[in-house]
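Labels run A, B and C following the written order; every chain starts at residue 1.
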Amino acid sequence: MNRRFINKDALIRLVLLLFALSSLLFLFTIFVFILSEGLPLFYKAGVSSITLGMKWAPTKGYFGIFPMIVSSFMVTFGALVVGAPLALACATYLSEYAGKKTKIFLKPSLELLAGIPSVVYGFLGVVYIVPLIREYTGGSGFSILATSLVLGIMVLPTITSISFDSLMSVPAAFREGSLAMGATKWQTVYRVVLPAARSGILASFILGMGRAIGETMAVIMVAGNALKIPTSLLDPLRTLTSNIALELAYATDDHRSALFSTGVVLLVIIMSLNLLANFWVKRRVSR
Amino acid sequence: MRINPRHTDKLMSAGLSLQALFTVGILILIIAIIFIKGFPYVTAEFIFSYPEDMGRLGGVFPSIIGTIFLGLLSIAFATPLGIGTAIYLTEYTKESTLTRVIRFGVESLAGIPSIIYGLFGFIFFVIKLGLGWSLLSGTLTVAIMVLPTIIRTSEEAIKSVPKNLRTVSFSLGATKWETVTRVIIPSAAPGILTGIMLSIGRAVSETAAVIFTMGSSLRLPTSIMDSGRTMAVHFYILAREGISMEKAYATALVLVLSILVINILAYYLMHRMIARYS
Amino acid sequence: MKVRFHGLLLLLLMPLVPCCHHGVQGASGGRKTTVTVAGSTSVMPFSEKLAEHFKIERPRITVDVQGGGSSAGIQACINRTVEIGMSSRELKGDEKILRQIVICHDGIAVVVHPRNPIRDITLEQVRAVYGGKIRNWKALGWIDRNIDAVTREEGSGTRGAFEELAMRKTDIDDSTMVQDSNGSVKEVVATDPYAIGYLSLGVVDAKVRALSVGGVSPTVKNIKTGKYRMVRPFLYLTMGEPGETARLFIAYVLSKEGQGILKKEGLIPVNE
């Protein structure tokens, strides 16, 4: 074979390898910079004073983000309560009941829901949901309730899509066997298909959580951003993401480092959630 | 007393379809509200004139241009890297630790929330590299954000090109690279384009990552070192500050419409791809 | 196909051209045509207004106004990243190496919803509300309903001024809601009948009502005579002597016309 061809091909392969490695390079750079800005404060002020500290007043030396960690989890859980049942119902309907025509119409519609910018969700939340809550309860409307409602709708597409994939990959034989034994469709779905897709569905919940806990703009608009741990559904709250976005533009020195430390905590939580979800998915495959 | 399972079946079937309908209903409601409230204010003047009085009057022309530039430039950066990675992973190696590590890297990038990208872009591009709040900082940050999407969809597209096309190409004497560029990529084009369109959609609707890297200047960006606003950022500021509800709805409408168009295009291309090979 | 590809490439490279052109022009020593002004978000809308009018007088000069906050603007000015920094609070410690130009004064107004019947509040009451001691409108003479207090975020010049002038040693309570700009504070107070907030006097309009503090209403006259105490300076900062274009803009801002614009916006001009 012509020597020139071999070298050219090897060169191309090398270039493509470098392209592929670029993703790792970017990931590495992101981690390095976020950690290099955020970790020093952990050494200086102590990990527990930051992650377990109750007071956030960075210009005065208090960097406690515990209330925000709790709040982030609260609204994430709230988002799941609002969105997961609905999403699962949609996924089940799509995979088990919908005809081809409905599928072609329904699935893109759900993805379209995912395409709407988060700021639009936040805006509609402020204009419609917050005043509604304020009118019927005693608070300002900026609350866990408002945030959970908005986030719940936002994570719908994620949970639906992954649960749908999970349900679709349950072998047809499972369904056929169940129906052959005289079970109704619903019995089949409820007792055979859903349990079989259990890991994938759980993975979708966890990924939905990851999406909710990472959401920033919509949350800033409806959560009220108060620093205290909320004690009722109607109390305002501040999440880790809002904390960063609210103060980043103004922060200097230690204050800014504290925001990066918040980012580190956020990254750790989300990476853990992602790893957990992947673990569940792998379990499904190996079953 | 036991309920007849046939009744439960009918009930659940109805219940599920209702919930699915409800969800679609939410989507339609959202789009309807924005359309009804925003449409009266989306005039030619709105689209082509400059904002005045902090956005209370005038139009959104600079943000439209800013958005277009950001979308196109970030795709320009991300697409070669993305397609190259996809080609490497599918055509040039077998599954190995290296490929698994690379895939892990891609998945991880996909999982990072946008505010972290904003943090990173801010400290790295804006401050450390000294690029300031600029189109360039925004572009580079968004490019990394959409890279995983392009890699994933390109990989899917390339994988679904039938194997025999490759064998035929080789048997005709083509080299690997020629096969890739003249046979595989063109066949996978619709799928790849879908990924690109979805990424443009993502870039257009991003706010947290963009506001801290590209800034929020009302100027028309004429160079990549200029700061500017994208439609999403402009909308956020209008909405949050209560500057003008009409302009906010109008901006939202233009924003949502563009994303709708982009998504519909993406789906059309994807169906072309599926039709080609089924 | 090839033509289309190259056309797309050209389109994408277009933004790069002005960038290169820009650099060449600057290097040749010609007059710079852009001035960057960055910093306090309180000062920003007024700088924008001034920039808009300045453009009419001097079409060749572009004034680029950015936000970022007082602290960021001060830092950027010290680092020479921007020519003119904006601050809505006094300079502290090391920051004082910058050259300060007071362009006007701004009052901090305590605002409530227009439907709120309360017209006056004492400074002690403001402190108690924000300190978390008074939580119900009943204690201030209105109905039995929780007070939805809104504050600015940490690091904000406006908050810093409010803490210094109103709160003194008392901390703002943790349960207070936070918004990150004057406009968004105004928006919350304008839509929530039970809210109270503080913001730049220049931003107050018909959507909210400014309360009089200790019997003194926040008018320009009361600020000039010193009766209304919650006042802070709006500062333009430069590192050393400003460049020629920057000097032109600053001169415009301090001129009768510039000060007139600020006065119309509800700020207190310096040169009268």
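Everything below uses one rule, namely that contacts are C-beta pairs under 8 Å (C-beta built on N, C-alpha and C of every residue); 3 or more make two chains touch, one makes a residue touch a chain.
These numbers were taken from a predicted model, which means no experiment stands behind them.
When B-C is set beside A-B, which has more C-beta pairs in contact?
A-B
Among all chains, whose Cα centre is located farthest from the one for chain A?
C
So how far apart, in whole Å, are chain B and chain C when each is placed at the average of its C-alpha atoms?
The answer is 34 Å.
Could you put a whole-Å number on the gap between the CA centroids of chain A and chain B?
17
On chain A, where are the residues touching two or more other chains?
Each of 220, 249 in chain A touches at least two other chains.
Could you pull out the residues of chain B that touch at least 2 other chains?
240, in rising order.
In chain C, what residues contact two or more other chains?
Residue numbers touching two or more other chains: 67, 179, 191.
In their shared complex, at which residues does chain C touch chain B?
The contact residues of chain C facing chain B are 11-12, 15-19, 21-22, 45, 48-49, 52, 62, 64-67, 81, 179, 181-184, 186-187, 190-191, 207.
Mind listing the chain C positions that touch chain A in their complex?
Going through chain C, the ones touching chain A are 67-72, 75, 145-146, 148, 153-156, 171, 173-180, 188, 191-192, 194-195.
Applying the document's contact rule, which stretches of chain A touch chain B when the two form their complex?
Those in contact with chain B are residues 5, 8-9, 12-13, 15-17, 19-24, 26-27, 29-30, 33-34, 37, 86-87, 89-90, 92-94, 97-98, 106, 108-113, 115-124, 126, 153, 156, 160, 183-187, 189-190, 210, 213-217, 220-221, 241, 244-245, 248-249, 259-260, 263, 266-267, 270-271, 274, 278.
Report the residues of chain B in contact with chain A in the complex, numbered from low to high.
5-6, 8-9, 11-13, 15-17, 19-20, 22-24, 26-27, 30, 33-34, 80-81, 84-85, 87-89, 92, 101-102, 105-109, 111-120, 122-124, 128, 144, 147-148, 151, 175-177, 201, 204-208, 212, 232, 235-236, 239-240, 248, 252, 255-256, 259-260, 262-263, 267
Going by the contact rule at the top, pick out the chain A residues touching chain C in the complex.
The touching residues are 55-59, 67, 131, 134, 138-142, 220, 224-228, 235-236, 238, 246-247, 249-252, 255.
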